[in-house]
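In the two assemblies presented below, chain A is common to both, partnered first by chain B and then by chain C.
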Partner chain A sequence: MRGDNPPPVFETYFGLLVLLTLSAGLAAALLAVSAVLGPRRHESATLDPYECGVPSAGDLRRRTSVRYYVTAVLFILFDLEVAFLWAWAVVFHESPLENLAAMGVFIGVLGVGYAYAWAKGAFEWD
Partner chain B sequence: MSLAVLLAAKAVVLVLLLLNLVPLLVWVERKASALIQDRVGPNRAGILGLRFAGMFHNLADVGKMLTKEDIVPAGVDRLPFVLAPALGLTVALAAAAVIPVADVWSSGGRSVPLQVADLDVGILWVFAVSSLGVYSIVLAGWASRSRFPLLGALRSAAQLVSYEVPLALAAISVALCFGTLRPNEIVEAQGDLVFGALPQWGILLQPVAFVIFVTGALAETNRLPFDLPEGESEIVGYHVEYSSMKFGMFMMAEYIHVAVASALAATLFLGGWQVPWLPTEALRTHAGPVLAGLGAIGALGGAAALAGALRLPRGVTAPRSRDALAIGGLGLAGVVAGLAAAATGLGADLGPGARATVAAAAQALAFGAKTLLLCFGFVWVRWTLPRFRYDQLMRLGWRQLTPLALANLVLTAGALAALGELSR
Partner chain C sequence: MSDTAFAAVFYLFAALSVVPAIMIFVGRDVVHGAFWLLGTLAGFAGLYLMLGADFLGFTQILVYIGGILVLLLFGVMLTQRTPVLLGRTRAARAIPAGIATVALGLFLAKKLIGAPGMSRLSESLKVKGATEPGATRELGSLLLTDYILPFEIASVVLLAALVGAAYVARRGSGENP
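Right, the complex of A and B next:
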């Protein structure tokens, strides 16, 4: 199958376009229907943010420390790796040994980084 | 023109299928949890005295959510606040586009792939689109301008991001075995036999990857034991500021994600639309007996419904007499239709188009059964296991699943390379 003519664009992607439009339309319709049908009877407290009944104190839009930013950085590294692996998995059988060696180096380097991150305590949560 | 209509029709059917799976899964969840916790479960809501074992509670829920006040709290960022649930639902629905429910229907020179889009990077599409769901969660938490949703969104962003890697690595292991990302080709390859006896399903070739995939899928769909993003019962989740159908849309998105994850797991690991030991060609050649078998299954289902109805209290004044009548009638109709189909299958001579349709029906049934079985697995796990603590969750993801999935992938590649050299 691979290496044949490129697939017909319309046949391949038109369904996706319809599906995306349909899903987005459905979501919009649900929002609209619920906005129209719902009653509007607020008390003053209805519109307050939920904080377990305690009066809210301080500004709610301030900087929040994302404690797990190391996780985010590691995720980007690993997900890039995964992005390469998708393509690699498809062409692997064309020359298995070479591909194994190539990806072995790649994963090896990543593995060293992973071990370093582990040793530095990037995977500790307190 | 007719091609455009056909493609649009497939998209409509897919959306309808997924939308109807939501109430079904909610019903299964409620009844299964009741079964597990030794209680009856919902059984009150009804239409004209018909209750169908609590099935109508879902309709009642939809009506209720649509007619509740649509609260937009003061101070929220309006556009992202409204956009978040819509995005979540859209993305969940779109992810299923590439999953085939049966082999390509073909007859007389026409062939129709039975999925919305037959992409050569199909598996990648599911991952790419369904992982956009994290945006809906983070947007919801941020736009709510409230402390608890913000914290919930941060928790869930870290969780979704952490389990995406092992999930993808597990899927790649399977793709590596079959050398393709096109869902139809992956399923087709799983029809081959190993040792001349067992169908070469992904779960057989990649048992470790299956465990990792299911664990990762539980985490990605925010289901227990990984439901920290939501944490409905004690820690407050990202959608606490949402009411009415906006809240409902988050729930719908969650159940659709469960259905899509199950369908993807069935495609990758349980042979997708493959009927074990019966490849598409065999199903088409023996379309008559296959139709008879399908009819027999339908008749058995009908008979089971009939038997169940007969056990309900009878008499005009009995509390559930209408239920008994309706379920019994449906059961009887099922028996008759099943027997008729069986008779047609055994007696009539089927044309090529009908043969292809019968084969596709059998495969769609097999695929549906596998998917629903996995969906039930999701429900079963939820009502059996307690929730992880946050640090346990992250530790499991980064210290156990990720290295395990990576090792599994490298071992798989090594074994495949060795096999390739040996067979040269």
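Right, the complex of A and C next:
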């Protein structure tokens, strides 16, 4: 890599890099400051609910209802769809009508599935 | 930005990929492992971006970090028994496994470094930059022209998964159909 010719990737993502560095640095700094300056007094009242809290009940690590899994799977599916939408959106302006139609079919097919899931009650708790 | 900075960022992301991966195997808590995986996936996303694979990099963040990892944590929450600690691997197994891993790593590194594609890659990174962001644009226009049929078929695949999820959901709560 030539030193006088900055790789273009840096120009593109430099802001992102700064943001990542700053947020990671800030998080680390806050944790460090808290660890250094925070008082450590363990009394009987330390773990009590504060003001309007309620005492905790049960085990923290209990099994969750399997119904959440359906929600998670549905989320993944639409998350994947976003990847397609992104690539589509970048080139949308090149031929708007055709691209709109192409994505219309795509979303339409998924819409059928969405309607089916809705009708089957995948979004309902009971 | 110079070579040094580029190399520094590369090693940062490389460390971000490798160190959490080691922690996953060293640690015994499944949930901690899932969170360490976040670092590995993010590190790889950074490496992809450095190679100019913007679509791959951001899809990695969107789908793997945003989706798959959540699914993984869900999986742990749904199935775990308490305590969720994995048994410690016995040395009798860890030592041969470690030797095999190192050997495989060295073999792959040797192959990769010697491969003709690698010098071409570093050349193109040097000159115009495979780093020119635009993979997403190219991918998008290809998806909407030459590969429009696979693109639409992808929606049918997603549809199949949706219908499957809905079916399982219904059967799962079969007590009151």
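The working rule: the second predicted complex is superposed on the first by the 94 of 126 C-alpha atoms of A that agree within 3 Å, B and C clash if a C-alpha of one lies under 4 Å from a C-alpha of the other, contacts with A are read in each partner's own complex, and residues count from 1 in each chain.
Everything that follows uses one rule, which is that a residue touches a chain if its C-beta (ideal position, glycine included) is under 8 Å from a C-beta of that chain, and two chains touch if they have at least 3 such contacts.
The structure displayed is predicted, hence computed values, not measured ones.
Contacts of A:72 after superposition: both chain B and chain C are touched.
Looking at the shared chain after the overlay, A:50 reaches chain B, while chain C stays out of its contact range.
By the document's definition of touching, of the two partners only chain B reaches A:104; chain C does not. After overlaying the two complexes on the shared chain, residue contacts for A:64 are found with chain B and with chain C alike.
In the superposition on chain A, A:116 makes contact with chain C only, while chain B stays out of contact range.
Contacts of A:38 after superposition: chain B is touched, whereas chain C is not reached. Of the two partner chains placed by the overlay, only chain B lies in contact with A:22; chain C stays clear of it. When the two complexes are overlaid on their common chain A, residue A:12 makes contact with chain B and with chain C alike. On chain A, the surface patch touched by chain B in one complex and by chain C in the other comprises residues 1-2, 7, 10, 12-14, 61, 64, 66, 68, 72, 74-75, 79, 82, 86, 89-90, 99, 107, 114, 126.
The touching residues of chain A, counted against chain C in their complex, run 1-3, 6-10, 12-14, 17, 59, 61-70, 72-77, 79-84, 86-91, 94-95, 98-99, 102, 105-107, 109-110, 112-114, 116-117, 120-122, 126.
The residues of chain A lying in touch with chain B in their complex are 1-2, 7, 10-16, 18-20, 22-24, 26-28, 30-31, 33-35, 37-42, 46-52, 60-61, 64, 66, 68, 71-72, 74-75, 78-79, 82, 85-86, 89-90, 92-93, 96-97, 99-100, 103-104, 107, 111, 114, 118, 123, 125-126.
Residues 1-3, 5-6, 9, 49-50, 52, 55, 58-59, 62-63, 66-68, 70-71, 74-75, 77-80, 82-84, 125-126, 128-129, 131-133, 136-137, 139-141, 143-144, 148, 151-152, 154-156, 158-163, 165-170, 172-173, 176 of chain C touch chain A in their complex. Contacts from chain B toward chain A in the complex involve residues 3-4, 7-8, 10-12, 14-15, 19, 65-75, 82, 85-87, 89-91, 93-94, 97, 116-121, 124, 144-150, 154, 158, 161-162, 164-165, 168-169, 172, 175-176, 179-182, 185, 236, 240-241, 244-246, 248-249, 390-391, 394-395, 398-399, 402-403, 406, 409-410, 413-414, 416-417, 420-421.
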